[in-house]
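So, here's a batch of structures to check.
Below are two complexes that have chain A in common, paired first with chain B and then with chain C.
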Partner chain A sequence: MRPLVLYLRSRQVPLALPGSLLAVVAVVMTSAGALNPQRQVITACLAVAAGLAVLGQGFGGVDPELDRTAAVRWPPLRMVHAGVAAVLVGGVTVMVSTAPAGVVLRAALGFVGLAALAAALFGRQLAWTLPVAWALPGVVMPPMSEPLVVAVLTWPVQPQDSTPALLAAVVLGVGGLAVHAVRGTP
Partner chain B sequence: MSARMLLVELRRSTAIPIAIIIISFGVTNFYILELTDQTGLWQPQWAMLAGLQRVTLIVLWPAALAAGAWQARRDRRSGMTELVGTTSRPTWSRSLPAAFAVGICAGLAYLVVTAAGAVAVSTPYQHLGWTPIALVGALSLVAAAWLGLGVGRLLPSVYTPPVLAVASFILLLAPMELSKYRPLTGVWLLTPNMSSPLDELTTLAPAVTGGQAALFAGLALAGLAAAAVAKRRFALAALAPAGLGLVAGMVVVSAAPATGLQLDPAAAAEVCTTDDGPKVCVLRIHADALDSLTGPARQALERMAVLPTAPTVVREVVDDRPGPQPADEVWFASANHTPGEGWEAEGNALSVRVLAGGGTRPCGEVDYRERGLTAAWLWGAYPAPGPPLHGTEGAERLAEWERIKTLPAADQLRWFEGVRAKYLACPGGGTP
Partner chain C sequence: MARAVDPAELAPTQHAWEVDAGAVRVRAGRRMAVDGLDLRLGTGVHGLLGPNGAGKTTLIRALATVLRPAGGTLELLGVDVGGRPDLRALRRRIGYLPQDFGFYKRFTVREFVEHMAWLKEVDRRRVPGAVQEALERVGLADRAGDTMRTLSGGMLRRAGIAQALVNDPDLLLLDEPTVGLDPAQRLDFRKLLRDIGDQSCVVVSTHLIEDVAAACNRVVLMHTGKAVFQGAPQDLVDAGADSDLGDTPIERGYSALLAQHREGARR
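On to the complex of A and B.
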């Protein structure tokens, strides 16, 4: 138990987890009462991105050099950490939002990959950049299914049964988690 | 602040990354519009280019705010706050070079995107009236970056940039959502991302641009002040320029028309034929389509020569031009022109369009059946050239045509003059 508590503390989870869930609820609340279903999808995707942007600060330690010296198998631990973050944020968003669950979980998968990728590329403090940078333009564009490049760019707000959107989320999610698990944070 | 410090900051701050983000997003936006055949949103008019780019600020504003907030945390991030605090230099001497670097890059990057879109603009109407709209957009982005610097200085948390980005995006989403239900008015016109689309003939009222300039100048100064004051508790002073800018902006914008949009008089000016034939005039914005209209329009005038009061001029008019229309003129609605493509018909079909309603514009309660039948009557054949009608409307129109043709010639003329007189007298003139 003690190693787990110490690990969570080293990842700022005690502060970031409530903050992240607060961010999710606050973002979803901004569309409370809006009748437009697409608006619910937009805020749900934003909520997932915001939640993971906050939790993404914990995708690495304060001192990566020190982490590397520890006799710990980091890759599985990093993957479990990011996976649990995605499940938590996605699950809470599904509970508070009226957007389709499939869309929310797809967003959680894609955005956690982006956050993990950004953490691996630019460091944990910039883990928020890629999910936010994809979420803002991605949700504001109308979700056109043609041509393919637009469908992929707007994957968060595509309909639940869109194959290109699902593939985009899976590639981003699995790819980002894998890169982060192998490389860690700089 | 020396030029050398500025150069160092240009290389070592978030200036270059934010410029890259702005340019890549702006250019991608144009590219996607090109891919999805929406080039008509900006290519037919310079003001539309400036207006469309303002819409993208819904994403660029949060990006600039976040970049500023990230920049403001630099000293703390590298554990330098105490060391820097011991040097006998004022705070602003450290913060201003970085602020100017970020501001310059954000504003210039916005203008680079304008230039990228300008390459594709193709219009006979060359003017500079659109530049204030673009420049205020660039100013607003500078204001966003500096506001981010100020907020980042006051709330130096690692969570500030992402929260600021998402929160400002949701705030900017509000006017966009609202504009789907009613035109934006009053203080809503001051939002950086214009949610009222411009068309070829409308432009942003100068008072709106002026009000926005005042607001963004105030916000920029506020951000700069919050980033540069010696102690964080002095940052309250930043509220002064922000409040002043907001008040000035609201005062100036109240001089604008309610929707903030107005007809561009120069774009709607007339360009006419100069040869000896009957005069044909188009709007200046469609000057390059004058030649393709001249022939069909003159053919239409020939067909109308049988009338007791035969018109001698064809004028293209904006759709809501106030009446009454003089009987010796033919008014041709500018809706017959598709931006970037030309007239919606050519040759004889275009002549028939000119003849619709007896050479009048659609106005008031429009009955397209009688407008089509009067065109066919002048043309002398039904169906007249143009897209064929199918279904019950086609059959009913044909039956009506047969009935009219059985009338005595005087009654036919009386029916025709009745329809024409209705549209000639129509007052029109709703505000755009």
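On to the complex of A and C.
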């Protein structure tokens, strides 16, 4: 138990977790009472991206060099850490938002992959960059299903049954988690 | 503190040298910072000397398994790191203090070293004792409950040394460990090095030549990515003449050998 507590503290989870859930609730609240269902979808996606952006800074240790020389088996640990973050943020968003659960969980999968990928490429402090960057097109662009490029670009806010959006989320999610699990942070 | 002896500790070593490098090349960014270095290190304290940019830190990072060699052969504790070995088993037996290290500021000193012990997969039952012993060896036991952010530079350095010691490493790598230590602490540190060097292979990179003279059995002098001299500290002293640069005999030897190598490289 104590190693787990020390690990979570070293990743600043005790501070980031309440902050992340607060961010989710705050973003969802901005559309409280709005009747437009698409607005609920956009807000829920932003909430998921914000929540994972906050937790993403824990996707690496303070000293990557000391982490790299550690003997523990990193890949499963990194995978579980990011996976739990996605489940928590997705779960809370489903509870507080009126957006369809499928859209929210799809967003959680895609955005956690993006946060993990950003952490692996740019370091844990910049883990927020890719989720935030990819959440924004959905805000300014209507969720058109044609052409395919637009559908993929706006995958978070596409309808629940959109195949390109689901594929985009799966590729980003699985790919991002895998790259992060194997490489860790620079 | 008494502890059970692991059978692995009593097993005879299968390798002649803790570090065995043959024409090893290691890249630091685009530059080949270690370029064709031959090195054999056994048990004892080895001082790694050389001017800035000689490749000392890159070599230590390769020995710590942070960097993979780009060429040549490198065996650590009998394990060839050029192939695809199980690095985890090797890393359990290596202690490493980087030149600068990051840490979670809200950890107490004890929590920091304990967390590192977990990262090094020290047997869970042994962790409290190993942490206490490491803290005592670096003289930080009385500050164990203080948070890392309240420590002075010298204390941080000692906390860093403690984390490198906590897994009782067979290969201990210290990159400029004496920076920030006051004179009394440096004397204690030299004694600690000699103690550890009785059983393990210790590699210490430093700019402080007098530390090498006092604490090391062997000296390796690096220049432009190669080992240009290996020998006892006395051999380094003997290499110098009164006309060479330096205030102490060993400094004069250091200057003389570097000058010789620079001249040889120009020709």
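Rule of thumb we're sticking to: the second predicted complex is superposed on the first by the 186 of 186 C-alpha atoms of A that agree within 3 Å, B and C clash if a C-alpha of one lies under 4 Å from a C-alpha of the other, contacts with A are read in each partner's own complex, and residues count from 1 in each chain.
Going forward, a contact is a pair of C-beta atoms (placed from the backbone, for glycine too) under 8 Å apart; a residue touches a chain by one contact, two chains touch by 3 or more.
The model shown is predicted, which means the values in this text are computed figures rather than measured ones.
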{"item": "Partner chain(s) touched by A:66 [first = chain B, second = chain C, both, neither]", "value": "second"}
{"item": "First (chain B), second (chain C), both or neither touched by A:182", "value": "neither"}
{"item": "Touching partner for A:174 - first (chain B), second (chain C), both, neither", "value": "neither"}
{"item": "Superposed model, chain A: greater residue contact from chain B or chain C", "value": "B"}
{"item": "First (chain B), second (chain C), both or neither touched by A:10", "value": "second"}
{"item": "First, second, both or neither for A:32, with chain B first and chain C second", "value": "neither"}
{"item": "Footprint overlap on chain A, comparing chain B with chain C", "value": "none"}
{"item": "Complex interface listing, chain C residues touching chain A", "value": "61, 64-66, 88-89, 91-92, 94, 96, 98, 101-104, 106-107, 111, 114-116, 118-121, 124, 163"}
{"item": "Touching residues (chain side chain B, partner chain A) in the complex", "value": "21, 25, 29, 32, 35-36, 58-59, 62-63, 66, 70, 77, 158-159, 161-163, 165-166, 169-170, 173, 176-177"}
{"item": "Chain B partner contacts - residues on chain A that touch it in the complex", "value": "16, 19, 23, 27, 30, 34, 39, 42-43, 46, 49-50, 53-54, 57, 125-126, 128, 132-133, 136-137, 140-141, 144, 146-147, 149-150, 153"}
{"item": "Chain C partner contacts - residues on chain A that touch it in the complex", "value": "2-3, 6-7, 9-10, 12, 61-63, 65-73"}
